[in-house]
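Here subunit A shows up in two complexes: once beside subunit B, once beside subunit C.
Then we have the complex of A and B:
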């Protein structure tokens, strides 16, 4: 859930999404869902000479399962806050596993 | 609700997991991105000749095989000269 919450804070930012078919698409992050499916608007492909397949597309939906990287602008990310949130999430997962040890083994 | 709901009844380009590009009207979908498209046409890209358009009809595509769904700007699409557009086919998705 942490990354879902994190990507929600990035809505409205310019991002570059690299897909597992090597296509890289730049656009404004419009929305994200629980599967980390991503919607972008005002998109352009990073190498249009090589990939003219999507010339008439301005808005798109990218399935979360085909995303390899999401490139973000460093100025939009508070890494200290993110690190802290990751630590807290790890801690709460650990506590949950201690409360139900059988589930953790399974 | 679904992020794709606004795309229903619009013309879309779907990039499949194997690199195929299919254009059609999105008619329905579910939470796993299974989709139904009507009036589909595959656009076969090649480096040696222009884009070949193949009529396919009604398609139901399982979500696993979908990489991307793009909302088409029909005016911009009409302006593209497919007969003289040469490009290598898109690579397949490699997980």
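Then we have the complex of A and C:
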């Protein structure tokens, strides 16, 4: 849930979502869900000459699984907070994994 | 197990990634892509947030006339980047030469 929480802090920010088919879409992050599906508004395609379709599209929903990268503005990211959150997430998932074998033995 | 000890020990592969937090790492991705950047966050899927990222994309140019292939790499930099884990092949400390 680390990145779900992280993306929730990015709602309202300008982001560029690069898809696995190389299409890059810039827009304002409107919402995100647990699968990291993304809704963008006020979008424009980064390379409209290569991708002339979508010119008329203003809002879109992107399935999380087709995302390769999301470019963020560094001023909106608290890196120290992120690293702390990542350490805490690592510890909690490790504890969950240690608990599972005990359940299997019981 | 003591929680304080858990932060220092390496028991599972992902612990190696945890020790790379706030360090510059090398990430090899699907599609002949490589990243070098500072690791700010990761999860069990290897989703990551990297800072000061340098991306290298390697492409093969085929010259039909002389039947040769040449490798061409394109570099670009991104100040802050979320990387989806399903494209990750490997994570490593960057090579000293690079």
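Heads up, the rule we're going with is that the second predicted complex is superposed on the first by the 101 of 106 C-alpha atoms of A that agree within 3 Å, B and C clash if a C-alpha of one lies under 4 Å from a C-alpha of the other, contacts with A are read in each partner's own complex, and residues count from 1 in each chain.
Here is the rule we use: a residue touches a chain if its C-beta (ideal position, glycine included) is under 8 Å from a C-beta of that chain, and two chains touch if they have at least 3 such contacts.
Keep in mind the model is a prediction, meaning the values are calculated, not measured.
S.K.: Quick check on the superposed pair: does A:20 touch subunit B, subunit C, both, or neither? Answer first, second, both or neither.
M.R.: both
S.K.: Touch test for A:74: subunit B only (first), subunit C only (second), both, or neither?
M.R.: It touches subunit C, and subunit B stays clear.
S.K.: Name the contact category of A:37: first (subunit B only), second (subunit C only), both, or neither.
M.R.: The answer is first: A:37 touches subunit B but not subunit C.
S.K.: Quick one: classify A:63 as touching subunit B (first), subunit C (second), both or neither.
M.R.: first
S.K.: For A:93 in the superposed arrangement: first (subunit B), second (subunit C), both or neither?
M.R.: second
S.K.: Between subunit B and subunit C, which residues of subunit A are contacted by each of them?
M.R.: 20, 65
S.K.: For the complex, give me every residue of subunit C touching subunit A.
M.R.: 1, 3, 6-7, 11-12, 14-15, 18, 21-22, 31, 38, 40-44, 47, 49, 51, 78-84, 86-87
S.K.: Could you please specify the touching residues of subunit A with respect to subunit B in the complex?
M.R.: Residue list for subunit A touching subunit B: 19-23, 25, 31, 33, 37, 39, 43, 50-63, 65-66.
S.K.: Would you mind writing out the residues of subunit A in touch with subunit C in their complex?
M.R.: Residues in contact with subunit C: 2-3, 6-7, 20, 36, 64-65, 67-74, 77, 79, 82-83, 85-87, 89-91, 93-94, 97-98.
S.K.: Of all residues in subunit B, which touch subunit A in the complex?
M.R.: Answer in residue numbers: 3-4, 7, 13, 15, 17, 19, 21, 33, 43, 45, 63-64, 66-74, 76-77, 80, 85, 87-88, 90-95.
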